[in-house]
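Input: structures, listed below.
You will see two complexes here that share subunit A, one where it goes with subunit B and one where it goes with subunit C.
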Partner chain A sequence: MAWLSRPLTLVGLVILAHGCYSAHEHTVLSSTSVQHPTSPSATSLPLDIYIETIAATVLICLGLVLGSGAPQPIQWHTWAGKIEREGDAGSGDADKETLGNPFNALEARSGFININKLHKDFVKYQQLGK
Partner chain B sequence: MSEQELQINPIVQDSVAHNTKTLTNLHSLTASLFGVGAGILGLESYYGFLFYIAFSITTSVLFYIFQLAPSSLAEGRGVLDSGRYYKGALELWTSGIFNGLPGFILTWTLFYGLVRA
Partner chain C sequence: MPSLLLRPHASLSHAEALQVAQQAPEILRKNPASYSASPLFSLFSPPESSNTWTIYENLLLACLRTGDNTTARQCLERLVVRFGGSDERIEALKGLVKEAEATNDGELEKVLKEYEEILAKDNTNVPIAKRRIALLRAMGKTAESIEALVQFLDFSSTDAEAWMELADLYLSQGLYAQAIYAQEEALTIAPNAWNLHARLGEVLLMAAESGSEGNPQNYLAESLKRFCRSIELSDDYLRGYYGLKRVTDKLLAANSKGKKPSESDEFTLPETSTIEKLNQAATKKLGDIVRKYDAKDPLWQGYDAGEVAAARTYLSESSQKVLR
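Presenting the complex of A and B:
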């Protein structure tokens, strides 16, 4: 659904710009025309500009909603379960704002170092060299 | 929520901040857009604010439908229950109205002046 976001927003912006231009032209024309100086239609916009503007607003709104990042669960057990199931990379690949597993460093750390064994190996290595 | 409940069901503060930021960003953007719409339509006084409140609530509903509802309903929560992502219901439904109001008035007056000049 997220791929729809930008096309919808762009189309809505174009329609909104057209509606803005139409409204402006209508105001200019009706203020300069001398045929109906006192008619109420001179001040109110035609119905199609209303429809166009409101449709464009809803379109852009829909596009922005689809483009906003997915929210994260706030309950700890829900959130941790989601990370367990969907891996550490976060839920979405599109937005980098999703929080990965905060315990990655603990999960991927190396094991304990056995100093005694390392020392024995080193002693063996030294004896081999002699 | 009592202290005991918070101990049993802890809350992820990062997620709370992330969700609030997402919602605030969305409402700031859309509020400016609604200002453009209201200015083009040449709305005045109460009608402008009614326009804004109606569309702001519509935005919240759309946000719920497209972003919250799929996983929230799958979890077994009721319709319009935002408890999975927000601490209080009011945070989702009405906080956006006050966040975006200055931006709305700004673009409303600007476009009203541009179109009706």
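Presenting the complex of A and C:
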């Protein structure tokens, strides 16, 4: 449906502009015409301009909503489940910061890191790999 | 792969750490040695973001882990140029580099003395206090380390990381009740952390299995609740479902033996039918996760390979039991 978004918005904008122009023309004409200065039809806009404006606004809204991407999860468990399922690979765009579970830092505990043990384990790991 | 660089370093595997450390020289070359405050220079140099310094810190840790101390020194120098040598966090990193370069216990003692000198001047220096506790633990002085950590938590009681470390220290000594208490404190600070709930469930399960103190039935009931909460907070949480299956299996086995839970229980167990339903749900979900992971479904590749393998073995074991 995404391909519909731009044409819909564009058509909506054109119709809206047309509606505005019609309203403007109508007021200019009715103020210059001297035959019926006090009749109600001269001061109020005709119905079709109202309809045109409202329809155009609806079209633009529809186009914009269709064009926006899939919404992010707003429920905690859905969001957390997405992180668990997809991990780092989940998000396609690189600039978005997906670092997995934000609470992993509490289990990793970088402030209390034991660097010597990590280094020894790493040396063992490398020897195993060879 | 910038996400590896931004994740907390201690949660990386050895292979990932090596991958990060190998990127270090290139990142050091690409980024300028110092950032100028003048707006003219900032037009031509790459932008400085908060991530830049996280990346340097993680690079430093990865280089120390892989034994590349010269590159680690370079990373440290850049951090010192940016933040000054007397910054608390930088001081802790300097100490860390010294710890990694120490070759015997005497040198480690010296580093410990330095930490104590810094703490004598300012005893609320959080990063240094944490380094001192970690170093005490690394040197095998667990009791002193626990004492220091308890004192640290007296003035910084909202530090969930420190509570988790305390729980881990107590757990390493087999003191389950204390470990559970510390974990619960961490959970009051981060109540939505689904991995902490699962972790507490695991500790409770270990306490129930060791059976040294308290009623194992109570521990199991509490553990069941914790695993349920962790999967409530996170859909498709492998660790939570795995734990849930373990606990419900244990409870069902105990029930079938005809052991009636005593009336004076602090925690009342749910009914057997509920436990059975939970067990079935956990089995089904674990099966789903393992199948989708094995089928290389691109939306299900975030799991740890080791965890999935453990779930697979456990599932096949329990299904064999059912067949018999």
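The rule is simple: the second predicted complex is superposed on the first by the 73 of 130 C-alpha atoms of A that agree within 3 Å, B and C clash if a C-alpha of one lies under 4 Å from a C-alpha of the other, contacts with A are read in each partner's own complex, and residues count from 1 in each chain.
To be clear about the criterion, a residue touches a chain if its C-beta (ideal position, glycine included) is under 8 Å from a C-beta of that chain, and two chains touch if they have at least 3 such contacts.
All values reported here derive from a predicted model rather than from experimental measurement.
A.B. asks: In the superposed arrangement, which partner chain does A:P7 touch: subunit B (first), subunit C (second), both, or neither?
C.D. replies: So A:P7 meets neither subunit B nor subunit C here.
A.B. asks: Looking at the overlay, what does A:H77 touch: subunit B (first), subunit C (second), both, or neither?
C.D. replies: After superposing on A, A:H77 lies in contact with both subunit B and subunit C.
A.B. asks: Name the contact category of A:V123: first (subunit B only), second (subunit C only), both, or neither.
C.D. replies: Second partner only.
A.B. asks: Considering only touches as defined above, state whether A:S68 meets subunit B (first), subunit C (second), both or neither.
C.D. replies: First partner only.
A.B. asks: First (subunit B), second (subunit C), both or neither: which does A:R85 touch?
C.D. replies: second
A.B. asks: So in the superposed three-chain picture, is A:P46 touching just subunit B, just subunit C, both, or none of them (first/second/both/neither)?
C.D. replies: neither
A.B. asks: After lining up the shared chain so the two structures overlap, which partner does A:A105 touch, if you call subunit B first and subunit C second: first, second, both or neither?
C.D. replies: second
A.B. asks: Quick one: is A:I115 in contact with subunit B, with subunit C, with both, or with neither? Answer first, second, both or neither.
C.D. replies: Second partner only, subunit C.
A.B. asks: Same subunit A residues contacting subunit B and subunit C, which ones?
C.D. replies: Correct list for subunit A: 76-78, 97, 99.
A.B. asks: So in the complex, which bits of subunit B are touching subunit A?
C.D. replies: Residues in contact with subunit A: 9-12, 14-16, 18-19, 22-23, 25-26, 29-30, 33-34, 36-37, 40-42, 55, 58-59, 62-63, 66-68, 71, 75, 84-87, 111, 114-116.
A.B. asks: What residues of subunit C sit close enough to touch subunit A in their complex?
C.D. replies: Contacts found on subunit C: 2-4, 6-11, 14, 17-18, 51, 61, 64-67, 92, 96, 99-100, 102, 126-127, 130-131, 133-134, 137-138, 160-162, 164-165, 168, 186, 190, 192-196, 199, 232-238, 298-303.
A.B. asks: Over in the complex, which subunit A residues touch subunit C? Could you list them?
C.D. replies: 76-78, 80-90, 94, 97-101, 103-119, 121-123, 125-126
A.B. asks: Which of the residues in subunit A come into contact with subunit B in the complex?
C.D. replies: 1, 16, 19-20, 23-24, 27, 45, 49-50, 53-54, 56-58, 60-62, 64-66, 68-79, 97, 99, 102
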